[in-house]
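If you scroll down you'll find the structure; I have some questions about it.
Order of writing sets the chain letters: A, B, C and D. Residues in each chain are counted from 1.
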Amino acid sequence: MSGVVQVTGELIATRRAGAYHHLTLVAPGVAELARPGQFVALAVGGPTSATLLRRCFSIHKVKPSGTYGGTVDVVVAAHGPGTTWLTGLRVHDPVDVVGPLGRPFPLPAEPVPCVLVGGGYGSAPLFWLAEALRERGCHVEMVLGAASEDRLFGVVEARRGADGVSVTTDDGSAGRRGWVSDVLGEVVDRTGAGVVYGCGPMAMLRAVTEIAGRHGAVAQVAVEESMACGVGVCMTCVMPVTGNDGVTRMVRSCVEGPVFRGDRVRWDSFGDGICRVPADTLGAPRAGGH
Amino acid sequence: MSGVVQVTGELIATRRAGAYHHLTLVAPGVAELARPGQFVALAVGGPTSATLLRRCFSIHKVKPSGTYGGTVDVVVAAHGPGTTWLTGLRVHDPVDVVGPLGRPFPLPAEPVPCVLVGGGYGSAPLFWLAEALRERGCHVEMVLGAASEDRLFGVVEARRGADGVSVTTDDGSAGRRGWVSDVLGEVVDRTGAGVVYGCGPMAMLRAVTEIAGRHGAVAQVAVEESMACGVGVCMTCVMPVTGNDGVTRMVRSCVEGPVFRGDRVRWDSFGDGICRVPADTLGAPRAGGH
Amino acid sequence: MVDMSTTLGPVTLPNPVMTASGCAANGQELHRFFPVPELGAFVTKTVMAAPRSGRGTPRMAETASGMLNSIGLQGPGIDAFVEKDLAWLASVGARVLVSIAGTTAEEFGDVAERLAASPAFGAVVGVEVNISCPNVANRGLVFACDPVSSDLVVRIVRDRLPSTTPILAKLTPDVTDIVGIAEAALLAGADGLTMINTLLGMVIDTDLLRPQLAGVTGGLSGPAIRPVAVRALWQVTAAMRDGRLPTAPLVGVGGVRTGRDALELVAAGACAVQVGTATFNDPSRPRRVVDELEAEVVRHGFTRFADVVGIAHERMVRP
Amino acid sequence: MVDMSTTLGPVTLPNPVMTASGCAANGQELHRFFPVPELGAFVTKTVMAAPRSGRGTPRMAETASGMLNSIGLQGPGIDAFVEKDLAWLASVGARVLVSIAGTTAEEFGDVAERLAASPAFGAVVGVEVNISCPNVANRGLVFACDPVSSDLVVRIVRDRLPSTTPILAKLTPDVTDIVGIAEAALLAGADGLTMINTLLGMVIDTDLLRPQLAGVTGGLSGPAIRPVAVRALWQVTAAMRDGRLPTAPLVGVGGVRTGRDALELVAAGACAVQVGTATFNDPSRPRRVVDELEAEVVRHGFTRFADVVGIAHERMVRP
């Protein structure tokens, strides 16, 4: 496990970005260690909080130093009490930050073409990744999708930072009407991509993995499982993933992920909004057993 | 029971006053109903709060209307999580207010001289009372005491609004070294006071009651019992008080108080930091019984 | 338009939201904040035969998302209760669920009998039998901790009340097997169950290094315990659906603050819901939950509240 | 200078603060935030005989001041545990309290035996027997809900471990009479008790109208349950002080977040304290509680931590 810090950060900027809030936090030490695909876990609710668990957010970008010390940016969708609290914060409010956490996107050793696929706020970590890939000489295209225009994040940034951008929305309010999966195959073929990076809802990541596979690319996906601790100690964030040895284990997505090779994830076990333990998982419950 | 409102108020001013914080809240409807000696119950901690119970504060003053609508002032000593949260609020923050609550100080029908005794922040409701008494032609003197100078509240205001002011501190950092009880007898005698009003810690109220009695005055004291609801529904704030019928009952200090005639309170039942049920209380536990 | 009515045995209530016993006094205090007849029913503070002073103070301690109380069943006694409190509730048109208790089974029966004989009994839509209180005959062990004592109390109360008056036994969660206690109460003649009473808890004052409550231990309530209430309702409902228990209405209580919280208890099996400690946070909560729960029923596309009761048992996915 | 040491039977620990089983994995993760040997002891995730995948997801739900979990005792199995995890803990110099379980009494014994035989056993300062887990031989009823099963498990484990290794039985609060279970465990040979495990709870997803956890019910933990932990420790300590139970060390767990919270459990009777769910809020919490608890001991004018253990029983005022 790589370096991590825990620090009382300070919110220094907060602004709306479509349906989301874009937050910049001073969090000395995090930026220096972070790599694209990693995330931070933020405490929510302040000293009298009834919401004990941290909330996890992909790192959108970092600045290792600046006027205030290193900063970290995250993009937050207000949803339940924790994200609502975060998006209601005002500049100078303190925020306890733990990070960077998890494994980053692996970068290809060779300058292969790459496609980066983001669903909703799932695009947040991809711009930084795009930069790192282009520094290595990779041709980078992005595919951004969302339910509607306000739920797309970073289209302008994408146009600036990628070699090509495709946009889809479910309702056709921006880009092509449909899903990212409707355009992805074509982009992979056209660019001859060797790697497809994905971040977004599970159903999208599954589709990304399948399409990448069918079109001869490797999928690297950043998953989003419900997490209680973010640091590897609670075992709530597990999912069935097949290892190099061919054995499926329930692995912690916070420390062994959030980035997994798409073809290693046992997508077949997800359904009805739950994830079942595949019968061939190491130590799976036996009939009549636990 | 008299009129009460529940309203989402707004903090419009907050400033330090010695060891305390003086808060002004817009709380339409409260001011119109309130009388000196009543209190408000404030919700604390915001939407994610783990501290469910309201905190009660004597009304320091009210303004029935103004630029913002009616306002209520309270003086808060930061102590536990709720009062710390309140004193950390910033202007424009919302605060849920229930009030006015409890029975006010009874005003004498005749213009008799009165002495108002405040311990620590217990003086907060007395200035408003002094005003009401002087409007009725009463000669009003105040005795303010506290552990130290920073814990005195409103000495300047007292000098402006009363016909005479005595100050005591335990450490002698302001006024006379000692307790309010050291000077009270002399003030009652000198002024020929008919009523002594008291607000402050229980031990002080007990002393005030005894001294008033010995010097021929009636004591009216505003007590401070731990309250969970403030509105009369939880039965946590009770204390043994003897009624007109000579029977002692465990009465709710939030609705039947907080102001009681001092000689009706069963001071003998308070001790070791708890209040026992006197054996002659209506329905008191019997040996072997409940 | 949604049909929010619910039934407790022979009685139909216009909506399923109630106060919780001991968290709303006997009505007049909350009536300053909203008209109490707008609730499905008003549940009164547990009343016993004679007046009781309750315990000394401190009687409460705040805890994380909850509180402890140790009131000691303070109350005016059944005679003063029917004469003043019940009469007032009747006068404003409230539907009243009267909570009763005793320190012996006979005292329960006595209270029930005097209640049934009272002039304002017409306002009574049911009786909640608070068996979560100590039994002097059994070393102070709470009646609801023991199936035999629970059975005895419920039988006596059933006997002393008209059969048209539904009785609900109120259970404590502090037992190894709540389904067993539920069974005893239902077989003894309870028309339904109220679940849950407070959990036994304790707070130490870390300045004085001694128990914070004068009564040492107290009852834990508030949102903190909602998962325990949902679980208890779920277990008993599951036993009814499996045929292990006779089917009967369940009234849910424990940590309800909002319409969503109420919906949790309803989906687990409650056909009515009580709002307790949350009332201390906001005296209008019980009334607000009426509207919020209705809005939840609408949001989920139902037209009858009754269709939501226990729905989580049907929607459960088998892992 | 304060003497913060505490003893668990034959073992002395430099300070009384531990992780809670299942809330700290097996050490390497927290070691990134503070050196784990700075804790009085490190309590490992409950380990069973064979590797276990645990349950499907969702495995958790946040609740008011707490959470539910339904991990299903995921773990590598005792052989991999001793080889990798225990060896690592030994290598950094941690004092380890190993939590073990089984679905049969024999499995408990088997795990204890393999643990005692392992090369890194020298790092083990004690074994915590997690009897708050389901007994397949008894309709899945939790061992700790039944004195007979508790007795059986503790006897077998005691038998398979050296007498110099203290064993602690970890109890569930979900019982009518925790003193009875404590008695069974102590008479069977437990050197001490850990109290409490989680409370059985449940959350309904109010959007999907079904249980939020894939495993339906789960264990409730966090500050919400602290009053229940304090009460359980108080009751068992009171029984020991009254001579109703043999005197033995108690390890307190349940809702501890700060040094003050720890002090509550200590004053009620715990001679050591575990920090569980609060670690998810702040991974440095267990370490911080070491300092905060010491500061509390100093604030109260004591020079030995041992003098504060159970002090609330002495300072209680009789009402």
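The definition used in the following text is that a contact is a pair of C-beta atoms (placed from the backbone, for glycine too) under 8 Å apart; a residue touches a chain by one contact, two chains touch by 3 or more.
Chain-to-protein mapping (UniProt): A, B = Dihydroorotate dehydrogenase electron transfer subunit; C, D = Dihydroorotate dehydrogenase.
On a predicted model such as this, the values are computed, not experimentally measured, just so you know.
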item: Maximum centroid distance from subunit B, chain identifier (CA atoms); value: A
item: Between subunit D (Dihydroorotate dehydrogenase) and subunit A, distance of the C-alpha-averaged centres to the nearest whole Å; value: 35
item: Whole-Å separation of chain centres (CA-atom averages), subunit A against subunit B; value: 55
item: Geometric centre distance via CA averages, subunit C (Dihydroorotate dehydrogenase)-subunit A, whole Å; value: 46
item: Length of the line joining the C-alpha centres of subunit C (Dihydroorotate dehydrogenase) and subunit D (Dihydroorotate dehydrogenase), rounded to whole Å; value: 34
item: Junction residues of subunit A, two or more chains touched; value: 50-51, 273-274, 276
item: Multi-partner residues of subunit C (Dihydroorotate dehydrogenase) (at least 2 other chains); value: 55-56, 64-66, 208, 214, 222-223, 317, 319
item: Chain contact graph, described as a line, ring, star, complete graph or other shape; value: complete
item: Contact footprint of subunit B on subunit C (Dihydroorotate dehydrogenase) as seen in their complex; value: 22-25, 28-30, 32-33, 45, 50-60, 62, 64-67, 69, 71-75, 77, 103, 134, 136, 208, 214, 222-223, 277-284
item: For the subunit C (Dihydroorotate dehydrogenase) and subunit D (Dihydroorotate dehydrogenase) complex, residues of the former touching the latter; value: 55-56, 61, 63-66, 68, 145, 174-176, 199-204, 206, 208-211, 214-218, 220, 222-228, 230-231, 234, 255, 260, 263-264, 267-268, 296, 300, 308, 311-312, 315-317, 319
item: Subunit D (Dihydroorotate dehydrogenase) partner contacts - residues on subunit A that touch it in the complex; value: 1, 3-4, 6, 43, 50-54, 96, 98, 225-226, 228-229, 231-239, 249-250, 255, 269, 273-277, 281-285, 288-290
item: Subunit C (Dihydroorotate dehydrogenase) residues within the subunit A interface of the complex; value: 64-65, 223, 317, 319
item: Complex interface listing, subunit B residues touching subunit D (Dihydroorotate dehydrogenase); value: 50, 272-274, 276
